[in-house]
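Two complexes, one shared chain (chain A), two partners (chain B, chain C).
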Partner chain A sequence: MSTIYKFAEVELGDELPNETPDVSMAKVTSFCTSAKHLFERFTDHEAAKKEGFPGAIVPGIMSQGLLAAMIHKWAPGCNIMSIDTVFRGSLLVDSNITMTGAVTDTDDDEMTAELDLSIIAEDGRTGVIGTAKVQFLS
Partner chain B sequence: MLLDLHTHSVKSDDGRAKVENYCKWIRKKELPLDGFVLTEHRQYDAESDYRHLEDEYGLLILKASEVETDFGHVLVFGVNDELQAALDFRDVRLPIEHVLYQSHKAGAFAAPCHPGRKRVGLFSHYQEKGHVEGVHTVEVLNGGSIPGEDELSIEMAAKYGYKTFGGSDSHVVSRVGFCATDFPAQDIQDIDGLVNALEGGNFNAVSLRPTKED
Partner chain C sequence: MNQASSQQDMTSVRQDWVGVEFDWATFEMKTDEMIEWARACGETDARFLDPGHHDFQAHPGFTTHCMSGRVLPENFPKIGGGFGIDGGKRVEVHAPIRAGDVLTATTTIADIFDKTGRSGTMIFIVQRMEFRNAAGELVSTVDWKMIKKAE
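Let's look at the complex of A and B:
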């Protein structure tokens, strides 16, 4: 699907283009540094293993930010009114993850759309699910 | 009749799907489902009434539960007052034999879901603790499974002679109908009808997962 600029272009059932964001150690470390969210479980595979994880994990706030970025890439002019995520499993740093989204409801009067969001881990497990409500100005 | 026997709504703590949005999605996407069953985690939602949605969208919407046992998660269809009095649905370590016995006694139908999954699946516990008497049916197609899990479920169900069904285990709208259960030449109207159909054993698991060609 092409980029969405107006609410009239949005339809229930539309699927956002899948995204495969970069969650390399360099990117995650850069995010954690910028966000002042530096914990070894995010930035050091060995330290994360000592905490019981299979390796360093992508921070939840970064996952949510990546989902928000996917929404804005799909519809650059929309406002994200709310975004809600459920963390069901770890997303590993230096792995391949895939983000998906779909329009599950629309409100013509408010020019809003409700979206499903998910992030699929490399092994196929759904690591993050969520929803968002976005509003269009025209 | 094709039913998704395993879905979650916003009533589940990790569910983010509104029931009406499930209906809209099913109709918009022209999914072949005739209805779905809401299997909320660790509870039975006695209060919600979805009859107006059934009428508006022409779908059967039933309510059941997903409880947690010492042998993984179990779906219970036909929850009634007697069963609610006998089981603490909030308990995350219910003895599975107790769930199976009390469900049968109350006229309900209990069947383990995603049995091929680690920790929360029946068969991972079989490897450690042996098999459970009283299990007769398991979910072998689950929309949340990763590669290998459903295959293990199918293999083990065949080994133990269990009947098999499918459900999407959807927690968001767009995952509904990934897997379902076909009840050939049967007209299920309510939860009692579903329990009777499950007891009858004439059903099979169906995968409707989108493919790359879709």
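Let's look at the complex of A and C:
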């Protein structure tokens, strides 16, 4: 099932629909403005290269925000109780990245689900792994 | 430094510093920044995009951008090399953060530990920021893992 509206629709092992979020320079710069994280390694490819990166990189906290948005798209109205991300490698601005997720546990009494999350870089490396716990209201 | 004395040092650093509160700051939650953050993340839920929504609130990880002035406590011992890299963040959402909220954040050292793998021993320093609203309600906890290579 691609979109979940009620806890009863959640099944252990369900996969969230893969997402390819927009990490264009315009989007990342907009994020950095809202976060007051206007560092050149995020917003300027050439400056990032001078710091030793292959190009400008997506801020770690933005990658967590992208995953949160994916969860809300999968289950509109759910509440994210916690989200934990580990930054394993850089994700490049203006590249194609893919987000994945899967349900790894559910609690019928609390109407919660636990999710495994990841973001794969364009070259196939895993850039971010994580988990989240979400609660449904009905 | 041999492994035994290194282990002893880590134990002593843990005993002395885990739980120490070392920074305090306030942050105003601004509507336009909350919306721009959510929009840049590709959010589609009106709760995070529409200030007219009855449940308008900050995106779950919005507090992760709130940096206090100090990364480590004053006089914190030099462990590991370099400034450290950002190993990731864990956010716990306790209650919605509303536009205009002024949050008070306290920062503590939540944990210090090491792990040894193929690339050697890495030291993890977990910095915890707890955010409370004007009513004193805990709304968000952010754990930030700083990773340093053991020297």
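Note that in this section the second predicted complex is superposed on the first by the 138 of 138 C-alpha atoms of A that agree within 3 Å, B and C clash if a C-alpha of one lies under 4 Å from a C-alpha of the other, contacts with A are read in each partner's own complex, and residues count from 1 in each chain.
Assume a contact is a pair of C-beta atoms (placed from the backbone, for glycine too) under 8 Å apart; a residue touches a chain by one contact, two chains touch by 3 or more.
Quantities reported herein were computed from a predicted structural model and do not represent experimental measurements.
Undergrad: Give one of first, second, both or neither to describe whether A:A102 is in contact with chain B, with chain C, with both, or with none.
TA: First partner only.
Undergrad: Just chain B (first), just chain C (second), both, or neither: which does A:M25 touch?
TA: Touch partners of A:M25: none, neither chain B nor chain C.
Undergrad: Would you sort A:E114 into first (chain B), second (chain C), both or neither based on which partner it touches?
TA: Touch partner of A:E114: chain B, not chain C.
Undergrad: Of the two partner chains, chain B (first) and chain C (second), which one does A:I83 touch, if any: first, second, both, or neither?
TA: Second partner only.
Undergrad: Could you look at A:Q64 and tell me whether it touches chain B, chain C, both or neither (first, second, both, neither)?
TA: second
Undergrad: Under the stated touch criterion, name the partner, chain B or chain C, that contacts more residues in chain A.
TA: More residues of chain A are touched by C.
Undergrad: So in the superposed three-chain picture, is A:R125 touching just chain B, just chain C, both, or none of them (first/second/both/neither)?
TA: First partner only.
Undergrad: Which partner chains sit in contact with A:G13 here, chain B, chain C, both or neither? Use first/second/both/neither.
TA: Once the two structures are laid over each other on A, A:G13 reaches chain B alone.
Undergrad: After superposition on the shared chain, which partner residues are touched by A:A35: those of chain B (first), chain C (second), both, or neither?
TA: Touch partner of A:A35: chain C, not chain B.
Undergrad: Where on chain A do chain B and chain C both make contact?
TA: The answer is residues 84, 86, 130 of chain A.
Undergrad: With touch defined as at the start, can you tell me which chain B residues reach chain A in the complex?
TA: Chain B reaches chain A through residues 14, 16-18, 21, 24-25, 28-29, 144, 146-147, 171-175.
Undergrad: Under the stated contact criterion, what part of chain A meets chain B in this complex?
TA: For chain A paired with chain B, touching residues are 12-13, 15, 84, 86, 88, 100, 102, 104-105, 114, 116-118, 123-126, 129-131.
Undergrad: So in the complex, which bits of chain A are touching chain C?
TA: Touch residues, chain A against chain C: 19, 21-22, 27-28, 30-31, 33-37, 60-62, 64-66, 68-70, 72-73, 76-77, 79-87, 130.
Undergrad: Once bound in the complex, which stretches of chain C touch chain A?
TA: 33-34, 36-45, 48, 59-61, 64-65, 86-93, 145
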